[in-house]
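Each of the next two complexes has subunit A plus one other chain: subunit B in the first, subunit C in the second.
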Partner chain A sequence: MINQPVIIILIPLFFAFLIPLISVFSKKIIKIIPVIAAFINLAAIIKILSSSSRILKYFSISGYKIPFGINLIFNYQIGMFLFAINLVALIAFLYFYKNEFNIGNKIAYPIAFTLGLTAANGMILTGDLFNLFVFMELAAISGYIISSHRKGYYSTITYIVITSIGSLLFLLGTASVYNVSGSLSLNTISTGLQGVSGQFIIIISVLFIISLSGEAELIPLNSWVPKVYNKTGDTGRIFFGSIFSSAALFAVIKVLILLFQGSYSYIYEVITVIGLITLFIGEVVAFRQENIKKMIAYSSVAQAGLIIGAVSMAIKNGIINKMVFNAAIFQLFNNIFAKGLILLGVGALGAYHLNNLKNNNKKLLASILTGIGVLSLIGMPPFAGFWSKFYLIKALVLNKFTFFIIIFLFSALFEVYYYMKFLQKLFFSEGNKTKTKKDISFLTYGMMVYLSAIILLIGIFPNSIYKAISDIFMGGIL
Partner chain B sequence: MINNIINSWVFVYGPLSIFLIGLYGILTQNNIFKLVISINIMNLGVNLYIIALGYVHNGIAPIYTEKFKMSGENFVDPVPQALVLTAIVISVAITAFFLAVLIKNYEKYKTLDIEKIKGLEND
Partner chain C sequence: MTFNNLILLGSVTSFLTYFLSKLSYKIGTVIKTLFIIISMYIIYGNFNTPSSISINEINLNFNVNAFNIYFLVLASFVFLMTSLFSINGIKKYKYKNSYIFLNLLLFTGIIGLFGSSDLITLFIFWELITWVSFFLISLKSSLSRKAALVYIFMSMIGTYFLISGIFIIQNSIGGVSFNLIQKNIGLINTASANKVIIFFVIAAFVKGGVYPLHTWLRNAHGEAPDNFSPVLSGLLTKMGLYLIYFLVIFFPFTKLISLNIASFPFGIIFSYIGGISIIVGTISAILQNDAKKLIAFSTVSHAGYIVLAFSYGTNLAFFGSLMHILVHAFTSLGMFLSIAAVKYRTNTSKMDDLGGLITNMPVTFTTYLVSIISLAGIPPLVGFVSKWMIYQALIVNGSYFLAFAAFFGSIGSFMYVFRPLATVFLGQRPKKYEKIKEVPFLMQLPMLIITLLTVLLGVLPGIIIKPLNKLMTHLGIDPIESSLYKLVTKLTTLDMVLIFTVFGLGFLIALIVFLIFAKTTKVKQHEQYTAGEIVPELKTMPSMYHYSKNYYKPFSRIFSIFPSLESIYNRIAYFTKKIFDIFDNFFYKETVNGYVWIISLVFLTLIIIRWL
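Take a look at the complex of A and B:
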C-alpha cells in the first residue's frame, strides 16, 4: 500500500478532511496543514520514484482486475511531473500560510487548496475515464472556491457556467464510449473502439476536445481564464497558472494518446489547428493588455496552445514522433516552474498594472528573481525555457513542420515584446507613486530563490532532465 | 419497429433534446438563477441518457440470488447507474455552491442580471 501511487492522492485528501476536524480545537494550526500535506506528499513521491520503472504501468485499486474497477497509471516520468506540481503546490501553500491566510474564510480556503492538490494529482495519475471526470469536477469545485478568494464572485460564476458545460460534455462522451467499448479503463477502451464508425469517433472526439479545453485553458472554453486570474488571490493564481492548467494539459495529452492510440489522424490535425489558434490569439491579446494579471492569464493560454499543438503535431498514424513529443513535454515541465515563479514574484511585488510599476531598489532581488522566471518563459539562455523551446524548434525543423514553426516564432515575437515591456517597467520605470505593499518576507524570498535555482539548474543540465521525462507514455502506445 | 422507436427516440434523442434545452437556456438567459436551472436541466439530460444506455429489456437487478441463479445474461448493466449516482452527487455540490455564489453576487451588486453586473464590474 505504501508503495502504491494511490498514496499520492490519498495524503492531501486525508489532510483536507482533517482541517474541519482540527478547526474545532484550534484555528491556528489549520494554516500549517496544507504545507504539511504537500510536504508529506513530496516525501511519498520521492519514495515511490526510487522504486519505479520507466515503462507505463497500470495499478489497480481495491483488488479488481485491471479492466474492471478504477486503475492508476504511473511510471518514473509521471512521478517527475507529480514532483514538480507538488513542489510548486508546497511553495504556494507556504505563500498562503505567510500572506493570504487571513483573507476570507479561514477554514474553506485551506480545504479548497488541499483538495485542489488532490485533484491535480488525481488528474495526472488516473487511468480511468470516469475517474478522470470525478477528479476534473473536484478540481473544478476547488477552483470555484479558490476563484472567489478575493470576492471575485462574478468571475466565479463565469467559471462555473463554462466548466459545467465542459464537464457535462465529458460525461456524455464517457457514457457513449462506455456504451460502445464496454470499458472505462483507458488501456482497454482503444481495443473496444476498433471497428466503430468514423462518425462516432468524430462525435466523441469533439465532445472530449471541447470538454477538456475548459480546464486546460484552450479555445473554445477558455474565456473564464482572464476574469478568474484578475480576481483571485496570489496563491489562487499560482494554483490556476501552474498546477491546475498543467495537470489538465497532462490529462488532455493522456486522453489523446491512451484513448485514441494515435490513430484517426484527423483528430490530431484539428487539435493542432486549435492549439495554434489558441497560441496566436493568446499572445496577441496578451500583447494588448495593460493589466499584468490578465497579461499572464493570456500568456498562460498561449502556452497551453503551444504544448497541445506540438503534442498533436507529433502524433501521426499511430506513431509518435519522439523528438517533437518529448520537447513538448519538456516545455510543459519547464512551464510549471517558470509560471510559478512569475506569479509568485508578481504577487510578492504587488506588481499588478503596467502603468503603476516602478523600480524599487529595496525589492531589487525580488525583481531579479521574477525576471529569471520571465526570461525562462520566453526562452532565453541559460534558463530552462530556452532548452525546451530550442529542442522543440530543432525537432520541428528536422521534421519540416514549416507552418507550425512560422506561427510559433511569429507569436514568440509578441511574447518577447510584452514580457520585455514588463521587465523594462519593472527595472527602469520611475512610475507614479502608488501605495506599496508591505515588505517581502524572508520566506517568500527563499521560495523564489529556490524556484529560480531549479530553473537555472535545469538550464545548466538540460539533458539529464530531458532524458528523465522523455518517452512518458512508453508502453502505453503501439 | 415500435421497439426501435422507443430505444432510439425516447431513450437517446429525448435526453439529448433535454440537454440541448439546457444549453439553449445557458446561451440565452441573463438571470443568474436561470443559469443555475439551465445547468440542472443539462445535468438531467445527461443522467437520463446514461441510464438509458444501461437499459436492458426485461432486465433484472444485477444481484445473484437463489431465485435468479442462472440468469446472468439478463442483468441490467450496473456501471451506468453507479456513474449516474456519482454524477448526481457532484451536480448537487455544484448547484449548492453556485447558489451560494449567487447570493454573494446579489449582496455585492444588488442584481442578478449578468449584463448589469458586467456594467458594474470595473476593468
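Take a look at the complex of A and C:
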C-alpha cells in the first residue's frame, strides 16, 4: 500500500477530514494540519519516486482489473510534477499558517486548501475519465471556497458559473464517450472509438476542449482568472497560480494525448490556434494592466496558452514530436516554481498596485527574490526559465513552425516589457511610505530563498531536469 | 588562471563587492578596478588557449584569438577608465552598492561575450548583458527608467532575431562553434544564409544604434547614470557591431560583399544604410539641447561610419572600420567623462546654465577639446587615422554619395561638439560657479590617460595597425601596409610625425601671438539689443537670453519639416496600445459582449479548421 501512488491522494484527503474532528477539541491545532498533510505527502512522493520507473504504468485500485476499476497513471516524470506541486503547496500552507490563518472562517479554509491539494494530485494521477471529472469538481469546490478568502464573493460567483458550465460539458462528453466505447479508462477508450463517425469525434472534442479550458485558464472559459486572482488571499493566489493551473493544464494534456491518441489531426490544429489566441490576448491585455494581481493573472493565462499550443503543435498523425513536447513540459515545470515564487513575493511584500509600490528599499532581499522569480519567468539567464524558452525556440525553429514562432516571440516581447516595468517599480520607486505591510517573517524569507535556490539550481543544471521530465507519455503509449 | 575561471571569479567577486561596498563604497570600486586590471593581464596570458565551463552537458566555450583580443582589450580599457573615474564619481549616487555590483557583473558578461568561441555562449552572455545593463540604466531617475524600458523592448527584438538566426545555423551546419562554422560554411543553402545575415544584422543594428533602429539611444544614453554612459556608448554598442564582424567569419568576405553573388546585394544596402545613419545622426545631434543626448546621437553617426566602412568591401575600408571602433570608444569616453566631471562639481549638465569653466577645470577642458578634435577627424589625433582610411577607400572607388556622407559626418560633427565646448567651458562664468575646483586626481587620471593615448596613437598609428593587421589576416583579408608612423594608401603616404610637428609648431606660434598681442574685452553674456522694448525676462530669467540658447535655431528650422522616425515609432506604439485596450475591453470586461465574442471566436475556429 505504501508504494502505491494512490497514497498521494489519500493522505491530504485524510487530513482534510480530520480537521472538523479536531476542531471540536482545539481550534489552534488546525492551522498546522495542512502543513503536516503536505509534508507527509511530500515524504511519500519521495519514497515512491525512488522505486518508480520511467515508463508509464497503470496502477489499479483495490485489485479491480482495468478497465473495470479506477486506475491511476504514474511514472518518474509524473512523480517529479507531483513533487513540485506538493512542494509549492507546502510553502503555501506554511505561509497560510504564519500569516493568513486568522482571516475568515478558521475551519473552512484549511479544509478547502487541503482538499484542493488532494484534487490537484488527483487530476495529475488519474487515468480514468470519470475520475478526472470527480477531481475537477473537487478542485472547483475547494476553489470556490479559496477564492472567497478575502471576501471575493463576486469573483467567486463568476468562477462558480463558468466552471459549472465546464463541468456540465465534461459530463456530457464523458457520457457520450462511455456510450460509444464502453469504457472510461483513458487507455482503452481510443480502441473503442475506432470506426466512429467523424462528426461524433468533433462533438466530443468540442465538449472536452471547452470544458477543460475552464480550469486550465484557456480561452474561452477563462474570464474568471483576473477576477479571482484579484480578490482572493495571498495563499489562494499561490494555489490558483501554481497548483491548480498547472495540475489542470497537465490534466488537459493527458486527456488530449491519451484519449485521442494523436489521430484526428484537426483537433490538434484547433487547440494550437486556441492556444496561440490565448497567448496573444493574455500578453496583450497584461501589458495594459496597472493592478499587479491582474497582471500576473493574465500572464498565467498566456503561459497556459503557450504550453497547450506547443503541446498540440507537437502532435501530428499519432507521432509526438519529442523536442517540442519535452520543451513545453519543461516550461510547465519551471512555471510552477517561478509563479509560486512571484506570487509569494507579491503577497509578502504587499505589492498589489503599480502606483503604490513605495520605496521597498528596506525589504530589498524580498524584492530581489521576487525579481529572481520574474527573471526566470521571462527567460533570462542564468535562471531556469531561460533554458525552457531556449529549448522551446530551438525545437520550434528546427521544425520550422514559423507562424507559431512569430506569435510566440511577439508576445514574449510584451511580456518582458511589462514584467521589467514591474521590477523597476519594485526596486526603484521613490516616494514616502504610506501604509506598509507588517514585516516579513523569517519563515517567509526562508521559503523564498528556498524557491530561488531551486530556480537557480535548475538554471545551472538544466539538462538533468530536462532529461528527468522528458518523455512522459512514451513507453508504450504512442 | 584560465579564461573560464576568470568568468567564474568575476561573478563571485561581483557578489563580494556588493557586500563589501556596504562598509564603504570606495572599497568596492577599488576592488572592481583591481579586478579589471588583473583580468587584462589574464586575457593576454590566455592567447590562443581554449577553455570552457562545462556543467551538466552545457558547455560555455571560450577562446582568445587574434580576432577577439582586440575587442577584449578595448572592453577592459573602457571599463578600467570608467572604474577609475567612479572611485570618486559615484559619491552622490543613491544606489551605490547595486551600481558597483551590476557594473562588475556587466564586465564579466562583456568579456564572456567577446571571448566566446561558440554561438550559444555568445547568446547566453548577450542576454545577461541586456538585463544587467537594463538595471544599470534604471538606477538613476524616473526618466532613465522610461528610457530603459524602450531600450529593453528594442533590445529583445534584436535578441529574438539573433536566437532564430543561431538556430537556423545550427540546423544547417550541425553545430555552433566558430571553428565548425568556418569549416562547414558550404553546407548552408542560400535562402537560409540570407535569413541568417538579415537576422544577425537586425540584432546588430538594434544594439549598435544604426538607423533606423536607433531611437532608443537618445534617451537611454542621455538619461543613464553619468559614470555608466561611456560604457553604454563606447562599448555596449560595439557588442552589436561585433556580430556584423562575425558574418565575415562565416561567409567569406568577398562572397558577402561582392556585387555579383547570386543572392541579395547586402554590401551595397548596408553601406547606404550606414551612410544615411551618419547623416541622420549628425543632423539630429546638431538639434539637441542636452549635452549627453547630443553625444548619444553622435554614437548613431559613428555606428554609421563603422557599418559603412565595413560593408564597403575593400581591405582599406575594413581596416578603417575596425580602427574607428577604437576611435569612437576613446572619443565617447573622453566626452562623457568630461561632462560627468562637470556634473560632479556643478550638479547640472544643462549647457545654458554653465559657462567659463575653463579656468576652474583645465584638465577636463583639455580632455574634451582633444576628444572633439579627434571626433571630427582632424590630424594629428587618432580620429584622423580611421577617417583618413575610410575617405581613401571611398574616393579610390568613386562612390560619390557615400563619400559625401562621410565628409558631411566629419564637418557636421564639429558643429555639434563645439556647442558644449563653447557654452560649458568658454564664455563667462555664472557667479555660483566661481569657486569650483577641478575634480579629484583619481577622476583626472583616466581623462589624462585618454588624452595622452589619443595623441600618441595619432602620431604613431603603427601601434594599433600591427594587431589589426593580424586580425585581418586571421579573417582572410589582405592586411594593409604599415609602419610605425606612416600611413600608406594607394593614393599617398602620410608621415604622421611630420604632421604632428607641423600642427604643433602652428599651435605654438598661435599661442605666442595670442599671449603677446591679444586683448580681451568683457561683454555681458546677456547683453541683448532689445530695440527699446522693456523685456522683464532679462532680470528674472536671464538664461532665456543667454547666447547659447537655441544656438542652432535657424538650422533646426531647415529640418523641422522632415519626418522624424521617433515620432513614427511613438505613433505606432500609441496605436498598438489602443488596439490592446480594445482586446481588454472586449474579452475581459463584465459585459455580455465579451462572452459572446469569445464563444463565437471558438466556434469560428472550429468550423474553419474542420472544413478547410
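By our rule, the second predicted complex is superposed on the first by the 474 of 478 C-alpha atoms of A that agree within 3 Å, B and C clash if a C-alpha of one lies under 4 Å from a C-alpha of the other, contacts with A are read in each partner's own complex, and residues count from 1 in each chain.
We take it that a contact is a pair of C-beta atoms (placed from the backbone, for glycine too) under 8 Å apart; a residue touches a chain by one contact, two chains touch by 3 or more.
No experiment lies behind these values; they were computed from the predicted model shown.
Residue contacts after overlaying the shared chain place A:59 against neither subunit B nor subunit C.
Applying the stated contact rule after C-alpha superposition, one finds that A:230 touches subunit B and leaves subunit C untouched.
Set against each other, subunit B and subunit C differ in how many residues of subunit A they touch, and the higher count belongs to C.
Once the two complexes are laid over each other on the shared chain, residue contacts for A:145 go to subunit B alone; subunit C is not touched. Looking at the shared chain after the overlay, A:445 reaches neither subunit B nor subunit C.
When the two structures are aligned on the shared chain, A:461 is found in touch with subunit C, with no touch to subunit B. Contacts of A:168 after superposition: subunit B is touched, whereas subunit C is not reached. The residues of subunit A shared by its contacts with subunit B and with subunit C come to none at all. Within the complex formed with subunit C, the residues of subunit A that make contact are 202, 206, 210, 219-220, 223, 226, 266, 269-270, 273-274, 277, 281, 284-285, 287-288, 375, 379-382, 386, 390, 393-394, 397-398, 405, 409, 412-413, 416-417, 420-421, 424, 427-428, 430, 460-464.
Those residues of subunit C that touch subunit A in the complex are listed here as 55-58, 95, 124, 127-128, 130-131, 134-135, 138-139, 142, 145, 148-149, 152-153, 156-157, 160, 163-164, 167-168, 170-171, 577, 580-581, 583-584, 587-588, 594-595, 598-599, 601-602, 605-606, 609-610.
By the touch rule above, subunit A contacts subunit B in their complex via residues 130, 134, 137, 140-141, 144-145, 148, 151, 153-154, 156-157, 160-161, 164-165, 168, 171-172, 174-176, 178-179, 184, 230, 291. On subunit B, the positions that touch subunit A within their shared complex are 19, 23, 26, 32, 35, 39, 42-43, 46, 49-50, 53, 79-80, 83, 86-87, 90, 93-94, 97-98, 101-102, 104-105, 108-109, 114, 117-118, 121, 123.
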